[in-house]
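What follows is a set of structures for review.
Both complexes below contain subunit A, partnered by subunit B and then by subunit C.
So, the complex of A and B:
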């Protein structure tokens, strides 16, 4: 008996390091796989790309496999400052940020509208949610055709209103228009707004679904109480419902800001940054100067990416700080 | 014991090397999966195999866009013995990085300097020749013969005749030119031709090599002529939202009568329902009578990477693809023009006209986006598109292209 007890007391008085710290270590063990991949695919490339932005490089290695990059210091950033295309892209990024925010209130109103019990409501809800499910590329294609001045909806409606059908010299049908058909995606002024409108379509659906789930959690007793106090309409919405939707609003704003900053697919599909670079945003401009057929300036592209990274970092830090504050308050 | 093992391994390795060397692998990367070009290439490879039974030819065919990306990797990582690529400035980054090897000896031994003389300058860089071309095609104006017939128009030979013909078309409700500038390069074709006819081949080369500015009076004169073409002839509306294929629609419908294009577009016209009687080809009219004729004729060629393992047979293949009989068959299959002046051509009327045109040319431009470096080409073509949409911005555009030029070269 005593024989058996002795070793046990020994382990109890002298537990292994692993055992003593198991509570602190366990989470790290579970995190390791994710951390490794995050480091390889996210963190290291970020630093590589920051480093690359200090070089001039056309992406080629010589026959021995040495990089042909040349160190240029901060010259890429100086060039960026004087590059009108960069400023156009930045301006468009801001336009995206501002106008994309419309998705939040519009999503809220659609959610409020759909948050009622009518037969077939699930069907309507799924129809409204539909644009978010289909790929951005498909949305871009659909809107590209929609805006097409020859065979799109815009062109057809315009022709019906302002154009006259005649026959041309060979006897084929053709149209003669009082005013030329608006060519939205080829117009320097309107193309960006045309793409943003297309981008809003799925984004509104996204915000809507966030608000729909949020509305499920709105306390019915508070609504009741407010109603007894005579609140209705806008006041009810603003002072009773919206404050309770704060978590949903926060997430909707976050995804919309990030969605606006990473807008790439639609631009690539609808205009490729054209006409003459007027619909570029930073992410697409980076692609254009670095990876596209007429690019091959990887250092310069990296400097564009760095600027975009800085802007994103600003927003993301703010969001993380806000979340941290909320959690502290919650405790 | 250990030493023995090592020699044994070395012996096995050596025999393995000798074994592969005996079979003589020749790896060729080609860049076109479209049925015609693929067949042309494969037929040529079969013929090469029949003539060289001791060479084991391995062929990798990729799609054109994928090839453009892949070549940047495989030249360093896993080089084939022969790869297809494009001359002019498109080969410059690879030549400068030392990824292609010069093939002057192939040219010398086979007398290519004479048979392929028109393209020699384009294949050269830093005083050396870097590849062997197998095909090219002409650019010019494709027009609706039936519309010209109805309006009793002849093929215009000079700029004034062209403008006069345009006037007559517009009176009859026909838009003179169709074009689709969504992907930019079509506008560069129009620019190149007006520039080649206004200033000639040397100025084209000097401009794309960054030796003269865009605000140079000669280039300004080119743009003035272009503005005249836009105002007095005119292009279809909404061209900035059309691809070159989309732009065939108004041409096929008879709304537009002319199209500045390359010969590959003929298939597009035929697919749109036009017959050979309805379409015809004419050279771009002369603008300044004392400028010697030069044409756009983008060529496709083969190159030998520096890291090629079987250089000897690679050179054999390069000599083979430029042979008159090989180029004759190949280009008949793909509907383009052989570069070897001793080769025969098919009896297709567009090919016949193109062959005559290019043989009379004193210089062959490769196309603005192949002659100019990538960054310049992109900015330049965006400028051309902007100019076509609003010619009044000319000065601002040229100013900006000068700034890009100063930065790129």
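So, the complex of A and C:
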């Protein structure tokens, strides 16, 4: 069989350098395409952005092809400190982070509700997961319409409850309302919460599917043992089931934190940061600053991106540290 | 099993549970159902405020045709396919190679490199935005299909490598070991031993990356300008501006944009969920 070839390779008097170091070189050959690609589009741009945040630049080049960026040191950050829009965005980011976390327990709740084996359960599980599959742009449009006071669901329900329809002599119908129909997305106070609620919809679905998989793998004997000891309901959930769901919870928290800080699509679709910047978050504010109708402000935008990156790095470090602990323990 | 199987609680409880399921589902998908109903209504219904009621006439075909004839929706859809498919191929191929290297070989920087790919996958897009946009403008890739799929492929390589490396690491290492003893070349081990075994991972990644990239909106805005290279997500936003308050058309366009990932999900459900829940169990 293959042994027939072996002697020849072994008896070669001078095995080449390549052959001797085969196991040291091979990984790099496999890695190089991915590394180069990843370096060009991800690793290097991170450092370029950090560096650019110390410049003022409108993105233009002079006739010789040199960048027109001007070094300003930390001035962009000083400007950021005095920028009320930046603080609004940061505050909204915190609101997103905190409220988005609701997706984790709510996802668990729905997973517990659906963790049965009656006929048709597979269909129900996939339908409950549905909102996660569709684009956030579409979710944003759906909820934008849902909240619309004139045409949407909220408006219609409100009118049915609090308004009286009247028809004037010209045949036009108007509504006389006890309380005006709420226009959630035009309210500086409520718009952010409206968007977060819309964002929760797909996120809950994601957490739910993580927990459904986790519940599938909960050790049955432990549940039975606890049941014999008289544990049930909340106590069983909290002391027996939830500890076993720890890996699922970890991933649910990771994706929810990342999702909350990355929220951009829905804001861009539903309010574009308005009214008066009240729904901006750092990710959207950065985009708005860097590419706006008033010309590009790449340096200032980069400083906003750097702050967001710093916040994210805090979480990423923690996640990587946890993964490192697993790697050490695992093998 | 937790919670206790409903069968054990008697027939009434089971019947009640089964009766409640569809109600819960309708409540959960209410926004989606409402927008579907809207997409098959006529303009007259929208203006008279008929949101929940039975449509006075069905305009399913009329509305969906209108989206295609009155806008560049067809172009946007084609663009989305042209961006998504190469992204999937490139990123999965690169990740098979890189994941193999990081899982099979023991070398000092294997773990740091692995963490680099993982971390890259979590960073905010905004930190990449200005340099990537500038680079695309400089190289003539701005506002092109290639400019978008090259970026997406590079970025998604991070996630794919994370996934592949963990998948290959879980394979029995003896297979590789014994192939080496037999004197099989490293690339042949990769091609003939490992690659056939990672087929489920390739399927899972293909559906996930397809969905992620299809649904991308941010980079579509950063890297394109006109109609020629815009994918459907950014296109739907443009349509939203064009069809102001023509909610029946906006809804139809939104649902059209959602169809490919949905079809993909239902066809490859098992792989899709296996991919998303990787690591959710020990």
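What we mean here is this: the second predicted complex is superposed on the first by the 289 of 331 C-alpha atoms of A that agree within 3 Å, B and C clash if a C-alpha of one lies under 4 Å from a C-alpha of the other, contacts with A are read in each partner's own complex, and residues count from 1 in each chain.
What we mean here is this: a contact is a pair of C-beta atoms (placed from the backbone, for glycine too) under 8 Å apart; a residue touches a chain by one contact, two chains touch by 3 or more.
If you're wondering where the values come from, they're calculated on a predicted model, not measured in any experiment.
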item: First, second, both or neither for A:75, with subunit B first and subunit C second; value: neither
item: Touching partner for A:59 - first (subunit B), second (subunit C), both, neither; value: both
item: Subunit C versus subunit B, contacts on subunit A by residue; value: C
item: Common ground on subunit A, meaning residues reached by subunit C in one complex and by subunit B in the other; value: 59, 148, 150
item: Subunit A-facing residues of subunit B, complex; value: 65, 68, 72, 75-77, 93-94, 97-99, 146-147, 150-151, 172-174, 182-184, 237-238, 240-242, 246, 249, 253-255, 305-307, 369, 374-375, 377-378, 382-383, 385-386, 389, 400, 403, 407
item: Residues of subunit A touching subunit C in the complex; value: 2-3, 5-6, 9, 22-24, 26-28, 30-31, 33-35, 37-38, 40-46, 48-50, 52, 59, 112-113, 115-118, 120, 124, 126-131, 133-138, 141-143, 145-146, 148, 150-153, 155-156, 159, 201, 206, 209-211, 213-218, 220, 223, 236-237, 240-241, 247-248, 251, 254, 258, 261-262, 264-265, 268-269, 282-283, 286-287, 290-291, 298, 301-302, 304-306, 308-309, 312, 315-316, 319-320, 323-324, 327
item: Subunit C residues touching subunit A - in the complex, by the definition given at the top; value: 1-3, 5-7, 14, 17-18, 21, 24-25, 28-32, 34-35, 38, 46, 49, 51-52, 94-95, 97-98, 100-102, 104-105, 107, 110-111, 113, 115-120, 122-135, 137, 150-151, 153-155, 157-158, 161, 182-184, 186-187, 190, 211, 214-215, 217-218, 221-222, 233-234, 236-237, 240, 245, 247, 250-251, 254-255, 257-258, 261-262, 265-266, 269, 273, 276-277, 279-282
item: Subunit B partner contacts - residues on subunit A that touch it in the complex; value: 58-63, 65, 68, 79, 82, 84, 147-150, 166, 168-172, 174, 176, 180-181, 183, 185-186, 272, 274-277, 288-289, 293-297
